[in-house]
Each structure stands twice: as structure tokens, then as C-alpha cells.
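In what follows, structures are represented as C-alpha cells.
Each of the next two complexes has chain A plus one other chain: chain B in the first, chain C in the second.
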Partner chain A sequence: MARRYVPVAAFAGLIVAIQLATLATGTGYHLTQLTMTAYYSLVTVGLCMLIGYAGQISLGHAGFFAVGGYVTAFLTTWNLNLHQGAFVSLLGNSGALVSRTDLYGGSLLTIHPWPACAAAILLAVAIAYLVGGPVLKLKGHYLAMATLGIGIIVYRIVLGTEFLGAADGISEVPGFPLPAGLVITGDAASRIPNYYLAWGLVILGMVLLLNLIHSRVGRALSAVHGAEDAAGAMGIPTARYKLNVFVLSAVFAAMAGVFLTHYNGGIGPSEAGVMKSVRYVAIVAIGGMANLWGSLSMSLVLNYLSLRGYFGTYDDTVFGVILILIMLFAPDGLLRRHLISDLKRVVSRNPVEEEAP
Partner chain B sequence: MTLLSVRGVSKRFGGLQAVNDLSFDVATGAIKALIGPNGAGKTTIFNLISGFLPPDSGEIVFGGEEIHAMSSCEVAIRGMVRTFQHIRLFPKMTVLENIMVGRHVHSRAGFLAGMLNLPSTWREERRIREKSHEVMELLGIAAHAGTEAVSLAYGQQRLVEIGRALACEPKLLLLDEPAAGLNMRETNEMGGLIGGIRNMGVTVLLVEHDMSLVMKISDEVVVVSYGEKIAEDRPLAIQKNREVIRVYLGDDE
Partner chain C sequence: MLGGMTAVTLHQFLPLPLAIVLAVVLTMIVGAVIEIVFIRWLYKPSVLRMVIITIGVSILIREIALHIWGNAVRALPYFTGSAISSINLGGVYVSSQVLWVVAIGAVAVAALTAFFTMTMLGRQMRACAANRDAARLCGIDTGNMVTLSFVLSAAIGAVGGCVVCPITYVQYDSGTPLAIKGFTVAILGGLGNSTAAVGAGMILGILESFSIWVLPTAYKEAISIAILLAILFVKPSGIFGSAEAARLKEF
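Right after this comes the complex of A and B.
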């Protein structure tokens, strides 16, 4: 139908091609990192919407990722057998609980991943609404600092809270059951379906965001980005639009947190760290800011390299340096929109004009 | 019939009384000009009327509704749209997209409908495009529809800004120095355009420095000096008003 879906099909083709390549070369184990990359990409494209299109920075999105991951991890590992009572039996009767046996054969009664996921997303939405209202009144580096603060608060809370595992985080998180017998889990046996599940989710997210940027709301967000006062004078409720897109990007981050935690079987406080937030922003920046495809492709490459350990002990440094270089030399990002047309203009420019004093 | 009524409005910035007890009315269907020497408070008055600044005292009534406590967004939704002295187009958006933003208040699709690309939004999008093209045809900028708006020549950028405002189908259009930076031919065309806009049924209130333009197109002129109204009359009478001549040219001693 629309021209915007052509790259979606091409990207889906690329995902299939990568899987076939790992199959042909017997390197199927790469799919694990590629699956994790997919979930991180979900954070990145959501953040791209916020930074690139609406023009609002957030240095706290690792916080929303961690809220999603920790809530689902805690709820799906919290043994309610030790907390029997009226509320627990009410939960049990409503089908929100599930029994299983732990690693040592003991019996566990925990909340089912689906309601846990719902709770995680709801909490992320609530936090985003509560802090977004006041924080988004700020602009530029004030907004950056305030959102940085949100990230640091979440990090310190998960690091200092006993029942969230403190520095160890939460482990032994069960898989996330889906219809048709599919499970989001890191088991080597289900590596291929999980790879497709994760990237399928990313593609779904991309379609939703691509639709959004080509809609009335997308134009309004670009208008807010470009000239907020003029956007207001056109009847766009700028504060509400900024808040909504902030919450939307927080939902993307929290969903990624939920699914990656179930995939990895656990989550640790480093996922909430400031350097994770910086990494997401760096990827959006190098991807061209207002460029969903740029952010996605850069996320695919850089997260994969990082997770495979190519950056070694310089992992965080690499992303910090990327951010600095982009800000210094290409504030519009590397893969910015209009890049091709700009290059064409440079190439086709009359050389005489160039030599003029 | 009165569309806009400014009643005893004052605004102070620290020690500066920018607007002092100002009152005037704009009749439906009129072209009214607001003139005065530099620093007279004309743009402040525009900012007060359009909801960019809250007045310290006084009231502003638009279409029978008190609007002085409203934001610029709420004022725009009620049918008052402004342009800016320093053109404020949306960068990185084409001329068409800039004008399509002007249709915001006349369309509904929200975040969910946009993300899901619901069929109900298709018709709305088509109407937004059609209406935007109509506006571009009217202003003679349709040839630049796909050009990034801020890369156009100054005079054309001004047309885009007016087009964006017209796409809102306002009841009242506030033009802040529409002829600033235009050459004589362009200024003449701007005068014709403003007359055309009024003939479409849009009431116009403008701030302008170009006296020949003001005198040619306005039905009524308000003169302000140091934030106070010193005259309000028809253009011909304003030209003969001693007080107006005094503030513009100084005393003849």
C-alpha cells in the first residue's frame, strides 16, 4: 500500500537472510545476541520517536526498561506459597497465579507472566505520566538533567532494595508463554523461534511508529520540535503531546525490559544504569535523530557488536565517544533525513561556485 | 458586530509599563491596523490577545467569550490565529506539511488512530491534503509544495506562514508586520492578499509599519504610543490627527 511499508518488507527480508546465513555457516549461537539486540532496538526506536521527532531528550530510558524488567521478574519469581492469605487465594481463583517447581524441586506459586507484564507496563506508564508532566516543562540540558535524575533514582532503588536482589538482581525468571506453544525463553532449543518473535515485535513496533510519524499527530510532534510556540498558536496542545510521546516511548522501553528479562531469565541493576541510557541516546543520535530506520539499523549493528564483546572493556567508552563525536561534528546525526539529497546537491554543485573567493 | 474586544488591558514588565489601560474593538469582517512608533507595545498587545502573555489586568473578549486567561492553543481552537514578526515556520518540514499542520484544529486523529493507521483517518488525511492544496493554490505557492519551507525566499516564507494560518480557517487573523522585509511590489501584493482574505470572511487585525499599506487596506486604525492608545479612527482622519503626527514626527516648534 503506502510507500512507507516498502522498507519494512526489506527489513523483514534482512532478518530472514541473517537467520539463513547463521544456519548456513553453523553459527546459530549468534542468534542469541541478535535476539537481545532486537529487544534493545525496541527501546531505541521508541526513544527515536521522543528525541528525533518530538525533540525531547531523555537520559533516563534505561530506568523505564528496568521498571518493566524488574516488575515482571519480581512478580514471576515471588513465591506466594510463603504468603498464603485471602488476597493470594483471590488471585489464584482469578487465574493470575501459576505453580511450578524451582531448580531444587521445591514448589513455587507465582504470578503468571501475563498479569506480571501488564503490571510492569502499567507501572511504567504511571511513572512516565507522573514525572513527565513536570519534567517536560523543561527544555534542552535542563530536561536532560532531570531525566538523568529519573534514571539514577531507578538505578539506586533497584541496587539498594533487598527483595529486588540488590546488586545481584533477580534470576530464575521463567519463560513468557505465548499462544501456539511459543515461549519467550533463552533455551537453545527455541533459539530460532525466539529470534523471529523478537524481531517480529520490533517490526510491529516500527509499523506503529511509522504510521504515527505520517499521521496528524506525527506532524504535530514535528511542529512542536521545530517551533513550539508556533505549534501552540496553531492549536496544538504542546504539553499534552509531549507527555503522550514520552509515555509512549516509556512503554516501548518497559516492554523491551519485560521481554528481555524473560528471555535472559533475569535482570540486574546494570540494566538501569546511566551508561545504558547514554547508549540508547548515542544510537538514536548516530542513527540520524529523526530517522527511525537509521536508529534501528545503528541499533542492530552496535548492540550486536557490543553483545558479542567486540568492544571489550571499552564497551561503554565506545558509546560515550560516539555521542561526543556526533554532537561535535554531525549534530543532526550520521544517517539523517535528506542525507542523500544533501550529498547529491554537494556533488552536483557548480565547481566554479565552489572556487569563488 | 464586535468580534474582538480589548477592555482596559495593562501589562507591566518590571519597571516598564508596556501596555496601559488599552481598549479597542475589532468589528466582524473588518481590517483593523495597530500602528505606533517602535517600542510602543504593539507586539506585546498581539501577545496578550493571542494568549502568549497573560494581561495583568483588564479583559479580552473574543466571540463573546473571555479569553484573557487562556493559552495560545485554546485561543487558536476558538478561531484566532496569528503570524509572527519573525517568521516561525516548522523547519525540516515541507511547505505542504507546514500548511497541513494548520488543519490540526479541524481534524481529530489521535495517537492510537495514527499508530494503527485506522481507515477512519484516511478520509481525514485526504481532506487535510485537499484543503492544504487549496490554500497553496490561493497563495500561489503550490509549486513549492514539496520544498523544505525554511529554504524558500523570505517573501514566500511569509506566504507559507499566512497559508498555515489560513488553513486553520480562523475567524480572526492576527498579522504581525506582514510586509516587513518585503520589497515594494511584494508589499503591494500583500495588500491585495489581505484584502482577499477579508473578502473570504476572515476578520484581520494587523500590526504594520508600512504606512501606505496600512492607509490603503485598513477600515480602522488604532495608534498606540508608550503602551497607551492615542487615537482610533478611519485612516484618513488618522493622517490628519495632530497627536499622531506629533508622536511620529515630533513637535513642530
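Right after this comes the complex of A and C.
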């Protein structure tokens, strides 16, 4: 049991090391992108669970991310002072409202981030359950197109809806208050605590997923992935497991959306775009499909490089090319679980071809 | 998109018919190259793998187009008349370009139907779609058929892009929504049935256009995708396709 947590501890060590390195070199500004990377990584590991372990693809996960982000952004910036009524006062009495002053000194009465977050995740779960049932019955290109379609519908809705800010998105989202005086916000002053909060959340998610994989559920899932009909014949409720993993990964995406929106102080329609979904899939693919650690490390590297702007105007191209190359040459993913043993086999059979990755 | 953009570029120094023909030929070559480079040499690729590869390729083409042509919106001139001229058809005034679109669409469908039912090549291609292994046993070069189908669909797409772009304009990213709509229509009509696809296309177009009566225009595209989802959930073989025929196909 303890062996499973060795990589977790190593990863936590890496996170601390990165922070200390930026501290030593005086480049603390890198932590902002690294924090954003952490939230995107949360989507990636959730999607990795779906693609790698349940064997279902989703080209619409940016949609769930956007559902989370937009619901919390809308609820925490919607001024209820303009909508007085019985329901609003009921909310006020139950402590779900918070008042603050806006940029111009006017008073704002909005829903507290905690209930907003709960609402966002509930909505994502509801959508995932609703569409997941019929979608996961589909296979092959039907499944890919259906999930792509769901993502595009979310994109079109947030782009076309006036009260969601249309093309501008929603801005001036307040910070997300946590116990002990911590706040998830993009303020430069709280950069270090936020960095640890974000990666702490990722590690928490990883521990959860790792435990899930090594449980009865995980074994059932790998049976579903290997041979769905055979798994069904063995008495595994394949449809229910697939749906639950779909919902779980949607929750991961929605949570990442909620926290990143509070961290950035806003969200725009591009977060729901098809390219974002393709990017998540590309990262899972290069991370080795059924390899949570591979996905996480690739997400850390690629998202960070992308957010720092290293790819310049070729940002989307990079992820498109990654996806093509992986699918052409290593459809099981690059950093797959048996990579080392595969390499050993290749090397021992014909030692000349040793120059592989 | 590629066809429309190439035609616009070529039209700067070529007459319109020549520019369109050349653009279609160029797009066909691109289609062939994509198939040969990315698909042909794979050993029994799964459909999902091919879908992901083609999505990646479409992103690549879009980004290359962005770097070549920038994000400006372009258009070809109207084939006959101009943007404000119209033709009186029994009291209804229609832009001449609309008639061009309808006419060329009709010609394309007729030509495709003739190709698939009357020529040897077309029949070979259908055999290939129905059952690849059996087709190979009959001596059909299935690899070439797949390349040919890529070339053919690239050509039709390019013609469509050229004909429509005086009305709708063309931009580096105008291909993606069309691809999804095209897929919707193809599913709606039942895959591999070009006549039914036209009917399905009309149904989708009319539904989409009338949806702006009840919903904001910005949701137009969401409507067509919602229709796609509804069909996939309820009747994946399409409105005009038969369930038995769909079950026999490999995908």
C-alpha cells in the first residue's frame, strides 16, 4: 500500500523544489503560470482516467471545464441588489450571499463562492449524467463526434449568451475564500500559497484516482477497456462503470474550471473551445493513455510551456502535431506503462536499434 | 475552406473559371497527400484512431492557412451579376449565385450517383466501404480506393467552397463548423447515400434557419449539433438509412 504513495511523495518534493528554485533565482513570476498549469492538470488527470482506464474518448472536456467556470463566475458576479424578492432574502437568511463593493465603489450583493462552486459542480454532474448515458453507448467516430458536439454546443452557448458576457466572457470574479485566511486569487502577494493550494489539490486528486485504480472499480475498468463484451459477460455492469468514470472526469474538469476562474478573476469563451479539448486529449495521449503520472508530468511541462508563450503563434499547431504523431506512431500513448519492458525487449532482440526515444 | 481560399488567391492573376479549376485540383492533391502521408501505411487502423488523426490534420491545415493567409475574411466575386443584382423567378427575387449553388449541387449529386452506380470504379469503391476484406479478395486495390475517396471528397469540398464563398465569405477557420455540419448531414441521410444527404442537408438548413425565429442567431450552430446528437442517440443509421445496412458496416 505504501509503495503507491512513493511517487506521490516524490511529486510533492518536485513541487516544493520548483518553488524553492524560483525563490532562489528570484523568478517567482513563473509560479503564476505553474498554478494555472496545476488546474489544467486536474482536467488532464480526470480525462486520463476516462480515456486510459475506461477506454472512452471525450473531445468535449473543455465544455465541462467551462460549465464549472462560467457557473461560478456568473453566480459570484450577479448583482442580486437588482433582483430583490422572497427567494433572494431566503438565500440571504441562509448565509449564501455576500456583499462587497465593486471597482467603482457601488455595492454588490452576490452569491458566496462556496454555494456557487457547489452549484457549478452539481450542474456539471447533471449534464454529465444526462448526456453520458446515451453518448457512452456510441463507439468509434460516433463517440468522438458526439462528445465534440457537446463541447461545441457549450462553446456556442457561452459565446452567444448575453448574460454570460458573450465574446468578452465574465470578469471581476472575486477570490475564493478558504479556511485559515487563504484565498484563491491571482494577487501577486498570495502567489506562493496559491501555488501550493493548486498543486495540493492536484495531489489530492491523484491520490483519489490512484486508490480508485487499485480498487475493485479500477480492476473492473481495466476489464472493460480490454474487452467490453467479456467484462459484461463476467457480470461487470460496464455501462454503469463507464458512466461513473465519465461523470467523475467531468467533475474534475468542472472543479478545475471553478478554481481557475477564481484564480484568474474571469473566464472567456475560448476556455470552452474545441482546441482546448483537443489539447487535453493530446496531453493524455502523449502521457501514455493509461498512465496518470505520464499525463500529469506531460501536462506540467506542456501547459507550462504553452502558458509561458514558448510556442508563440504555433500554440495550437504544436498540440495538433503531437496528436497526429502519437496516433500515427504510438496509438497506445508514448509514456505507457510497459514502455521500459518494451524497450528492453526491443534492445535484447536486435541491439542495433537502440536509438529509440 | 482550402478550395475557397486557394481560388481567391489564384483569382488575383487568373480568370475565375481557371482559378476555380486549379483550386479544385490543388485541393485534390492535398487530399491525396494527406491520405498517403497519414493514413495509407497504417496497419488496420481503428476508426477512432483515424478520426483523431484527421482532426489533428484539420487543425494543422487551419493553422497553416492562418500563417499563409492571415485572419482576413475573403470572397470570390459573384460568378454572374453582382452582390446586389437578382433574378426574377415568378415573382421571387433570387440572387444569381444562389442559383449557381443549387445548380452545381445538383450536378455534383447527379455525377456522384452516376459514378457510384454506373462506373466500375464507383462500384469498386462501394464494395470497399461495405466490406474491405471481401473487396480485396475480389481483386480490388482497397488502398487506392481509400486514396481515391479522399481525393473525391476533397474535390467536392473544394467545389462547394468555391461556389458558396461569394455568399458566405471564407476565412482560415471556416472549415471546422462546415466539417461538423457535413458529418451531421451525412449521418442524418445515412452514410454513403448522396441523394439522401441532399435531402438531409435541406432539412438541416431549413431547421437551422427557422431556429432563429425562436432562439438567438448565435445559437444557430448549437442547433445543428443538437440535431446531430439527437440522431446519434435515437437512430444512428440516419433518417433515410436502414438499420440493417448500418449494422453491416464496420464502424
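Some notes on this structure:
In this section, the second predicted complex is superposed on the first by the 348 of 357 C-alpha atoms of A that agree within 3 Å, B and C clash if a C-alpha of one lies under 4 Å from a C-alpha of the other, contacts with A are read in each partner's own complex, and residues count from 1 in each chain.
As a convention for this text, contacts are C-beta pairs under 8 Å (C-beta built on N, C-alpha and C of every residue); 3 or more make two chains touch, one makes a residue touch a chain.
Worth saying up front: this structure is predicted, and the values here are computed from it rather than measured.
Aligning the two structures on chain A places chain B and chain C side by side, free of any clash. Once the two complexes are overlaid on the shared chain, A:Ala231 sits against chain B while remaining clear of chain C. When the two structures are aligned on the shared chain, A:Gln33 is found in touch with neither chain B nor chain C. Of the two partner chains, chain C is the only one that A:Tyr314 touches; chain B does not reach it.
In the superposed model, A:Arg219 makes contact with chain B only, not with chain C. Note on the composite model: angle chain B-chain A-chain C, taken at the C-alpha centres, equals 80°, rounded to the nearest 10.
Of the two partners chain B and chain C, it is C that touches the larger number of chain A residues. Taking every C-alpha of chain B against every C-alpha of chain C after the fit on chain A, the minimum distance is 9 Å. Under the contact criterion defined above, no residue of chain A touches both chain B in one complex and chain C in the other. Of all residues in chain C, only 38, 42, 45-53, 55-57, 59-60, 62-64, 66-67, 176, 180, 183, 187, 216-219, 221-222, 225-226, 228-229, 232-233, 236, 251 touch chain A in the complex they form. Those residues of chain A whose C-beta lies close enough to touch chain C in the complex are 57, 59, 131, 134-135, 138, 140-146, 148-150, 152-153, 156-157, 159-161, 166, 274-275, 278, 281, 313-314, 316-317, 319-321, 323-324, 327-328, 331.
Contacts from chain A toward chain B in the complex involve residues 208-209, 211-212, 215-220, 222-223, 225-227, 229-238, 244-245, 248, 290, 337-338.
Those residues of chain B lying in contact with chain A across their complex are 50, 52, 71-73, 76-77, 81-82, 84, 88-93, 97, 100-105, 107-111, 113-117, 121, 124-125, 128, 148, 164, 168.
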